[in-house]
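In structure tokens below, several structures.
Shared between the two complexes below is subunit A, which has subunit B as its partner in the first and subunit C in the second.
Right, the complex of A and B next:
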């Protein structure tokens, strides 16, 4: 056990009553809440393993109902509604998300395991911001650069992951509705609760029935949705393996597809970087949301001349991270989202050790119940080892070194992925030079993991295609 | 006194002060500070939620770190005596309330404060070196210090020559601090950087290192006469400087934040910053101070509220 601290922060837990948990959640189809026809499952709190609620999941017949409802809503008016009217609904949703922000944040933390500080300060406000931003676009589509009179695509099937459950729903729904499409959304099986509260908000905002349908369920529901002939457009965020499967299954179907998949981002630190801020950026890059971030900076590329100093400063900083109860307002690192994900992280971390990497974690006791993994750094990582190449999707950082800017570019680009990258240097010209050479959809300079609704986000190669956010994000939902 | 008599800083392992070029190379070789990132880190630390037992500890610790200050042209002996009485015993109704760290006055009021604080643990700190502008000859500045020390001041708060710093004459700033330290004798030297005039965080970092290299026992943000005074990003950079200086030399120096800190909430946020940026060894009046006047009354009111559950308002603490 570490020594008793001089300044011990007393527990500051958020109250779980604020989440207004219901005992059961079903599907939201054609403006109605009802039980799904699939097998019911329990959604659990990954920090405690307690069951939070029973989810009456959808099955293939619910998918059919939802797609039919979305089609009727599309044909009967939503696609022809004036942009100013669609905007009105989106602004309403944005405002109600803000009004119910505390409830959504607590619910997200209970269901996902992420610290309340993050759900409160990042997930929920950014979700509201996306609705606000796309509300503004709804009556300005003619000025988005896709022709004078762009048309919507039709019924959009949207499948989202468990790492930012509400935020990903917002990223998907807001541009689709702004452009005049209707939506069938499937949240991830382990984190359906905030999506179902978003359904409540959508009902409260009196959107016409069928414009948004939400179907909690597992992979088979996702597959039925993707394969449904009534769907015009598929938007998927998740693993590269599933993304490839979806792309195969929609081949020659005429369905449009956008994929936002995995990543193995390089966070590149030059010797002239603002070091204290770079340390923060590395920490934020890989330990934000327990590393459950597709654009996580999971590879630290540090210039060899400062590697020892930098890694020592990074380790000092990791000693101050507070791991534990996600509901505590002072927690920095929460729980791993599921037992299955914890298993995957353990396998890769063990492989890292077996392949000769030096494994280090700060002294932080892990809670006994729930799914936990300490923040971990691997040094002496060979460029060919699994932890340098495979997406871990957990709080594990692999450290590699470089000598010259060109070597940094070559190493950063040496991955089948291409979602994001970070550059840390005080030299502006080098930032521009690097950004032109890095094969990544998002390049951050002297910051990391910053998300803004006006900024496009998306990847290269095995990280997917299509952009979400900003003007670019409209393209996926317009017939252009 | 001429600067050629100046001794090298005691305990410094860094021999970078032989000429201005060497100092410049060293200071400009320090890692830069990214303003946006520093602000973000400070803002994140401000979200820490400090409750119940932790808050009680923080309030008492903050009281023990206060340099209760009056720096007005109108500071009469009576005003200074009254402030000293408050500093010794901030809350007469509750003897468990700790005393403050020091009473901070102008040099010509040191004798009054020394007499009023006789027999207590409270130090007398004097601002000197032609505070707040410092725009007089070095000899005059040093006489100012000598007067305060001879009158019994245990701590001297000097100002650096910001004009020399901004003009790039780091050696002159350095030598003034060294000369001041020399005439301080046993008195602790706090070096005021006046960060509101240095403006950039890169300059704050360089000035912090300059003052530490020259032997300052504390680096202090501000005179309180210039706005902005202490701000969270400035405090962050100065705490990083003492942390890094200690890591390099083993020598633990202090930080004093002064100006504009009026509420318990701000003070507790700064203690969180000290804890998480410099480390808990800095959580002591020997290494961290608040220069403030109205902060103490807010700390007392919050302390009372924690112990009784009721907030009793400004009329229940003394007007200083």
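Right, the complex of A and C next:
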């Protein structure tokens, strides 16, 4: 439809004042806000490269303080507190997140670069929902199917990524607290701001000091936290490479571990799929959050008989995506989170071209400042090429074809990962057959990238182990 | 008095449903409780580990794809086959582990009953561990446990039969296939059990049993990239670290139980069933 007349959108920007940015943010330890003892860094807006705030990061001594505070809070009351009381604290947090949702959404978009539409409609409401859902578990643990008298594990060290900063904090903290554990959380170095606002909310909700401690910092802070002997459980979401390191560093130490790592999901389109819906699903699967999604559908497997028609429809749709100011409510594609991530995406995309893939992007001017990568499709991708095998964590889709359902399954499963998969077909028996054969922790049929606090999420093989969400998500935080 | 000579058994490995000698040609003497040499067991090699893993991988599709009811019947059939050889197993446990005949009988009975217990779980565990999830949107959403894949197991070293069965049966119940390193000093009951497995309609390759030196073989099992899970029950706590480190290279699920290992006479609980499954969640929109 490029020759069709398109109505232009008027700008509809959110106001940055709503984020209530502070000039500096420190650590939250033992109920106190104070500067960390590490090197201060600037957190920048990846869409403009302007500094948003100074982060007074943690160092190893702050890790020590935080773990000790978490231990004291665990021993002195939180683990023994009646479940009904823990539940009420979590309900309070859920409600304040809802009340401050616009502030949190704007802050998230400023710090992360994701479109305000996504932080407003997905990240923040789902974060509130996680607290609300797990609040109700806190006084019902004996009914969760892990025995009549389940115990908390102890002090949980939680290390989260930059792609869904507030939501990942909620995924980690809510089940841990519901089960009676105390927490030391390290947000990602490039996106600490919403976690620090969550710390404010936790303080405002009057949780006992030390129950939740939040330490902004880089990889060395994460390593100190994971290695700390006072920690009983580690929950990590991030890259498979770092996940393997963590698994090694806690090997046979008795520390409990859950890992939510990378993915290279196949999104499989059969010739009987409703094509318009499938196009929307593929676009959502790989371009949602600029592709910074571990379960992103980064491999399109399209049935050979419809490949040309489908790819053409997909390209038409990409022409209408709006890339630019993440604060604009009409923006579909925001900024890449950091210069480093942009560099990684470029390297892999260049490798895709070097290995013979055909690269295509819509005619899409990129803003002059900030970190940007256009939505990109690679066709003629060999199954052994890097862009078909390695997680790219960016808005880049590799297209492969198949002829039979068995071939689709074989290609989809031909990866060391196993986090998610998508199926697009009108045939119910085929959906269930495919869902059964695909080796992935989440299978979306005729939909993609749906998340819910009641729905377990997590991977097979090198995508990690353990589940987050729902009844299953409690197991990682209970001594069963 | 008969002057007939008895026919003695050659103890070999159990790989892909067959009983080969070690490809290395090695064997090692196994002594019983009284230091008499009971037999020469095959001393498996790295290559035997790899053959066993590839057999287990090949068998995974069929075993994991079998109906839970079918798996239940096969596991129950193992109990039936063992019951018929009860006296033989008692003699084997007595010779290998020592103790009294009554104690050996108690262990063999518990071992047989453990198959029956786990057989019953095969078509029930998914209902306990899975279910429908009430998501906040117009979707049908459900979760099911699925087998993790190939499970590498180091069997308990002090208990040649009940310990061995307690570690392999739960992995099989949920649809995994198994490569197990039998107790180094007490491997003979494991091979006799393999004869039972071979005649219990358990497809070849679903269980592969290797005898030999655990210290030599376990590192290859731990680092093999086509092994999905590692069960370190039979490894002393002090020796687990290097194996668990090697396992991390392919993000294996490592089961490193403490005291509650589920390998004794008490009812084992669900921990071993839960250790080697993956929860799969499927979403589909509602609509007309």
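One rule holds in what follows: the second predicted complex is superposed on the first by the 474 of 480 C-alpha atoms of A that agree within 3 Å, B and C clash if a C-alpha of one lies under 4 Å from a C-alpha of the other, contacts with A are read in each partner's own complex, and residues count from 1 in each chain.
Operating definition for what follows: contacts are C-beta pairs under 8 Å (C-beta built on N, C-alpha and C of every residue); 3 or more make two chains touch, one makes a residue touch a chain.
The model shown is predicted, which means the values in this text are computed figures rather than measured ones.
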Overlay on subunit A: subunit C relative to subunit B, clash or fit: fit
Partner chain(s) touched by A:272 [first = subunit B, second = subunit C, both, neither]: first
Touched partner set for A:12, first subunit B, second subunit C, both or neither: first
Which of subunit B and subunit C A:464 touches, first, second, both or neither: second
Residue contacts on subunit A - larger count, subunit B or subunit C: C
First, second, both or neither for A:330, with subunit B first and subunit C second: first
Partner chain in contact with A:447 - subunit B first, subunit C second, else both or neither: both
For subunit A as apex, the angle formed with subunit B and subunit C - C-alpha centres, to the nearest 10 degrees: 120
Subunit B versus subunit C as contact partner of A:431, first or second or both or neither: second
First, second, both or neither for A:281, with subunit B first and subunit C second: first
Smallest separation of CA atoms, subunit C relative to subunit B, angstrom: 5
Subunit A positions touched by subunit B in one structure and by subunit C in the second: 446-447
Footprint of subunit A on subunit C - complex, ascending: 128-129, 131, 133-137, 139, 141, 143, 148-149, 228, 232, 237, 240-241, 243-245, 247-251, 253-254, 256, 258, 271, 274, 278-285
Residues of subunit B defined as touching subunit A within the complex: 31-34, 36-38, 40-41, 47-55, 57-58, 61, 240, 271-272, 275-276, 280, 283
Complex contact set, residues of subunit A against subunit C: 129, 145, 240, 243-244, 247-248, 251-254, 259, 261, 416, 418, 431, 435, 440-447, 450, 452, 454-458, 460-465, 467, 470-472, 475, 480
Residue ranges of subunit A in contact with subunit B within the complex: 5-12, 117, 121, 272-277, 280-281, 320, 329-330, 426, 446-447
